[in-house]
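Note that chain A is present in both complexes that follow, paired respectively with chain B and with chain C.
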Partner chain A sequence: MGLKTKRALLVSGIFVFSATFALLSIASMAAAKPLSPIKIGIVQSVSGMVSDFALEDLEGFRVKIDEVNAMGGVDTKDGKRQIELIVRDNKLKPDIAVKNAKSLILEEKVDFLVGCISSSCALAVSEVAKENKTLFWVWDARTHHLTGARGHRYVFRSTGNTWMNGHAAANYFKDKPYTRYALINPDYSYGRSQYDAFVQGMKSVKPDFKLVSEQWPKLGTTDFTPYITALLSAKPEVVYTSMWGTDAMTFIKQAKGYGFFKKIKYVGLFHGMPLLRPMGQEMVEDIYVLTECPFVYPGTPENKAFYDAYKARTGKFPSSYSIGGYNAATFIVAGIEKAGTVENEALIDALEGITIKTIAPAKEITIRKCDHQSDYGITIGKTVKDPNWPWFVLKDVEIIPGAPTMRTCDQIMTERAAENK
Partner chain B sequence: MTGSEFLMQFMSGLTTAMIYFLIAAGLTLILGVLKIMNFAQGGIYMLGAYMSYTFIKLFGGTNYGFWLTLAIAPILVTAFFCVVEVFLIRRFYEKPAIYILLMTYGVLLVTYDLARMSWGWIIKTAPMPPMFQRPFEIFGLFFPLYNVFLIFMGFFIFFFIWFIINRTSWGKIMRAAADDREMTAALGINVPWVFTAVFGLGAWIAAIGGALVAPMAGLSADMGVEAGIIAFIVVVIAGLGSLPGALLASFICGEVQAFGILVLPELAIAFMYLVMVIVLIVRPWGLFGKPVIIK
Partner chain C sequence: MSQVIEKNKNRMWLWLLITTGFFVLMPLWAPEMWLHLAIEIFIVALFAMSLNMILGRAGLPSFGHACFYAVGGYAFAILVVKLKLPAFIGLLAAPFISGLFAVIIGYFSIRLTGIHFAILTMGFGQIVWAIAHKWYSFTGGDDGITGIPIPAILKQPEVFYYLAFIMLIVSSAVIKVVQDSAFGQTIVAVRENRERVTFSGLKVWHHLLLNFVIAGFFAGIAGALLAMVNRSVFADFGYWTSSAAVVLMCILGGVGSFVGPMVGAVIITLLEHYISIYTYYWQMILGCLIIILIMFMPGGICGYIQEKLQKNEPGA
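And now, the complex of A and B:
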């Protein structure tokens, strides 16, 4: 191609482009001047070890935002505004998360931040939010410090936390006849806090609680047989665990061969869809599963609408992660509509104490004013084979209310005062 | 602790030991003959597991499908890594050791992404073959049949490799090539191909280790990293390049782990390292290694 033709192409290209642009501008001027979209910055680990879960919760969040955008946007004082999402990947590293959060606030000028699947990410970004007086909404990271000792005006969480999980499980077993308990948890900060929460919870509600064995396998253990036989020898009635991912899967597969689940009641925290789906028919019946939203439950029209929308969008079934994302977006939209603005101080005031209806089993959830922690309840059910699905589902599902498992506002404030001393 | 509980715990330790051995044996073989530290070993193990997952599923989780998988999957993985050896790793045998470390570590990272791209991030597990879905009874105790099979396979592979190295002419060539490359080459033996074969054998052990673990564990791309660390510790305890040493070291680590958690569960993640530290203090060259004399 000669130089001249190239130049001619370029010139005509520029001409076509400018003409289109001019026409578009005229067209848009003719219509009412559209409001600029609301920008939400998302700090999330969309690559790395937990990216699957992170993507699931992001999709859940997007389903709600799409719903709102399809209706013309969210109502503010100035009129309807569309919502735009800007995603930054932090590869599960808190330092990258901090960098991303800063660049989203300062360069992209987002209105506020959401995201973080890991606790280390959430705690780090929370500090950035505090410095920049920017709202930061979390739903996946579970450390209770986020809204506890290290909480502040700019951070919110719409799911439960480690403290509430352990105490919820304890409340469930309060009136059950079992007294001999054993725990097996992965040996890192998450497993340690889940251990503390459960043991403290049990001690406070069940005086005859007896801890007969505790095991601390490494995260990513390939062989659980010594742990399984050690637990069996201790003869507990209930084994409680916060293992997840391959650990939970490997443990269940290996314990099955020992007839473990016939002798012992196994209670798995967050053993919902992220575990039930990959395990398929290899799962065991009558395992107790704690999950924030069991699969195919409770089958309300809103619930079904969400499942269908999510399926249409991703081709997959949603998990409790996706529902967490959907609920978070519902909260944010409700808050903006209540405040009529995205100006952060007014928005925070509007979000404090706000209640939404959810598609999760906990019909309503409220953000507590004093610490910005939601009272999201958890459900417990038993695994059962279902001919309709290629994986196990839950039966006898009970809701354990979230509010009674929360620490009081006074406790939180004392903790915060001690932390800031 | 009753006698039967003791026996159960001992058998558990033996299962752990066999998994450790299967992970480490390939590394020790490659280290002994090729004198290189193959960081990719964990990745081979992981790919072996994933490949078996695919084949076991393909054959519908049947018994004969499982046997076929054990025959096919590790061979495929081995073939892939033999190609890697010929085109990449072979070039670095004569170079300073750091090159080979970087090279094999690079291969490990590639296998990691390869697994991610081919099988995705969602954790996987292969169905347990129907014939193993019943317990094995010994002195009135029930023990999963698959674990018994795994222990048997561990010993079988040990004797198989030991036999090849010590009782066949092929093994003789391998040992000769390990001792003196130039002399062996001068006798008309194609040393690079001997090395490829040894590398392949080492890869096959890791791959079959992965294949054997596939029905009893959850699979994720990062299982290879963990396996690599285990293999390294076992080899250090054993003495670099010693196969019987690797078996003994695995046995010690497995049993210390199994009985250690009964006494001090809090230290579960540390037992293996403790064994290594003690061995390094008492016998820095490992259980079966020879002291290195620096001239």
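And now, the complex of A and C:
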């Protein structure tokens, strides 16, 4: 074989090889053509006063999405699709939330929106969602107006709301022997709504309910002395509060010095992990705590799996906020699988009336068709020291079902009609 | 010398023509989100310009200006939602209601200067905020008022864009006329030497109050536009941090220049939007940028440009 033939062979060999390779890759590209990911836009206050809680619920949401993506994605009519999350920070400001929502819809072309820890953010974004006919899923903002008077086809919530929280607490205390109640709530819409819900709930189920004192410290109060002494002098049997975060922590620490908890049954709404963990051993035993999901580890296998996945991701155990995020993502994934698409109208139809299993004691949550509000039940337990953990845990945990605390569909529709008149 | 002024004037008109042309034609080619951002910029720019009548022209540092912005928004929302009035009446009435608030607040605070003025305006601003925040039955508390109905045609971003643009152009033209009038010059004179103006027989206090009310009036227009575009209004709009943010825009753009506040509004709005896309820590980046800009351009961006231009001008 001459040198020329050798070279010709080599060149033609290379040519054939590369041509085959090219053809093969084109063929494989045509066959596999990966589906574009589903884009979820998240409007959340990841900076500012409540950023810790906001990040906790965001991470909970992410754990579920990671789980689904690791399995190849969510099943749709066209095949499995990955889910991509795009987060925008609204600095706890409703006007920035509106801008973020628009930007997510128009610039990022997200399929739908989720998020908002503050009620003002949720209500503001809800308007954008309504106008753009884009699904908006909320789990942490609690104002009952969101799915009540100001609700519409495009907004959903997978947690309870202020109305349900207050009525759940009332349902729990209706059979208890206490009649003298005092309330201390932060002086803003959330505290006002929680006050109304509890007082109305008690009045409707307990005829001998007596409100002996109401206190309204402003959000961010550092000295609770006047409130503590006022509460003590009113001699209530039960004090109910919707204070949260550092306010609740400061209150408990200061009230301890007055022997407050020896004289009075204290009932703290959402005093679960977000409060028990930072309070550590400074917490008081035997106070009532209402939370959607108390800390239990290892609990059930599903429970342990979520706790471990969350801990692996963030380095700490999840709170009820994180479980709220996880539930929300579970709903959304279930909805997409049921609808087979992310086309919003079909997805909304699929989500109406949908039920998921949750790791929370409520076990199952259903989205009501008429108002898109979930019937997520809440639990109540008493704080107790646990040698296994550096924080207090809950004992005697009871579930208060969510469904009986919801207003009827008729009531909601009447309210909406009045609002839109 | 007059040649230089003439040249500068011509150049100014040219720039004005180019920018106006740019904004007039923008809806033809720009993506929708740009229009939303531009609408926000127009509103915030008008708000910043109204503040500059007090901050820049009168030299009084107001830290309560956002309350007029919020009052404008609430006035619009309450008139339209609760009283079921048409949106254009709301838009017409809102600035007058803001102006009324400015009469009351100005009456008490305008006699003071410097830090005392800053604190008093901030105090009044916080009172207005607290009322909006607490009066649940009337203002919705911190749940605000949402679902504000506006005419269907205004829901198209292009149409709203032109509405906001025209409002900005007309308002800034009026502000310019006021500033160039004898009245406007008196305000500057008061800033430079209050005693001298007093001794020359002018009623300083009346001038300053009127100036304060006009500023409140235009902030009210901006607030009403914001309520219209968001279809919602919240107590947050009137919180003192919102006043501080607009002070920052004025200082960044340059309080000594007519377009300074507008430039500041453009820069802050765009930075806020685009940096936050990339990082959670956008406030830190924004903070650093602002420190650098203010350290090296104490007269604001427009002040810096003016200074450079004057240096390059032979014989200037």
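Just so we're on the same page, the second predicted complex is superposed on the first by the 389 of 421 C-alpha atoms of A that agree within 3 Å, B and C clash if a C-alpha of one lies under 4 Å from a C-alpha of the other, contacts with A are read in each partner's own complex, and residues count from 1 in each chain.
FYI, a contact is a pair of C-beta atoms (placed from the backbone, for glycine too) under 8 Å apart; a residue touches a chain by one contact, two chains touch by 3 or more.
Keep in mind the model is a prediction, meaning the values are calculated, not measured.
Student: Looking at the overlay, does A:Asp89 come into contact with chain B only (first), chain C only (second), both, or neither?
Tutor: second
Student: A:Asp187 in the overlay: touching chain B, chain C, both, or neither? Say first, second, both or neither.
Tutor: both
Student: Between chain B (first) and chain C (second), which does A:Thr229 come into contact with in this model arrangement: first, second, both, or neither?
Tutor: First partner only.
Student: State whether A:Asp75 touches chain B only (first), chain C only (second), both chains, or neither.
Tutor: In the superposed model, A:Asp75 contacts neither chain B nor chain C.
Student: According to the stated criteria, A:Glu352 is in contact with first (chain B), second (chain C), both, or neither; which is it?
Tutor: Touch status of A:Glu352: no partner.
Student: Give one of first, second, both or neither to describe whether A:Leu123 is in contact with chain B, with chain C, with both, or with none.
Tutor: The answer is second: A:Leu123 touches chain C but not chain B.
Student: Quick check on the superposed pair: does A:Ser213 touch chain B, chain C, both, or neither? Answer first, second, both or neither.
Tutor: Once the two structures are laid over each other on A, A:Ser213 reaches chain B alone.
Student: Between chain B and chain C, which residues of chain A are contacted by each of them?
Tutor: In chain A, positions 187 sit in both the chain B and chain C interfaces.
Student: Touching residues of chain A toward chain B in the complex: what are they?
Tutor: Going by the criterion above, the answer is residues 49, 51-52, 187, 213-218, 220, 222-223, 225-230, 232-233, 245-250, 253-254, 256-259, 277-282.
Student: For the complex, which residues does chain C have touching chain A?
Tutor: Interface residues on the chain C side: 31-33, 36-37, 40, 133-134, 136, 140-144, 146-147, 155, 226, 230-232, 234, 236-237, 272-273, 276-277, 280-283.
Student: Under the stated contact criterion, what part of chain B meets chain A in this complex?
Tutor: Where chain B meets chain A, its residues are 1, 5, 8-9, 11-13, 15-16, 19, 120-125, 127-128, 135, 142-147, 213, 215-220, 222-223, 226-227, 254, 257-258, 261-262, 265-266, 268-269.
Student: Over in the complex, which chain A residues touch chain C? Could you list them?
Tutor: 46-47, 87-89, 91, 93-96, 98-100, 102-103, 106-107, 119-120, 123-124, 126-127, 130-131, 143, 145, 150, 187-190, 192, 419-420
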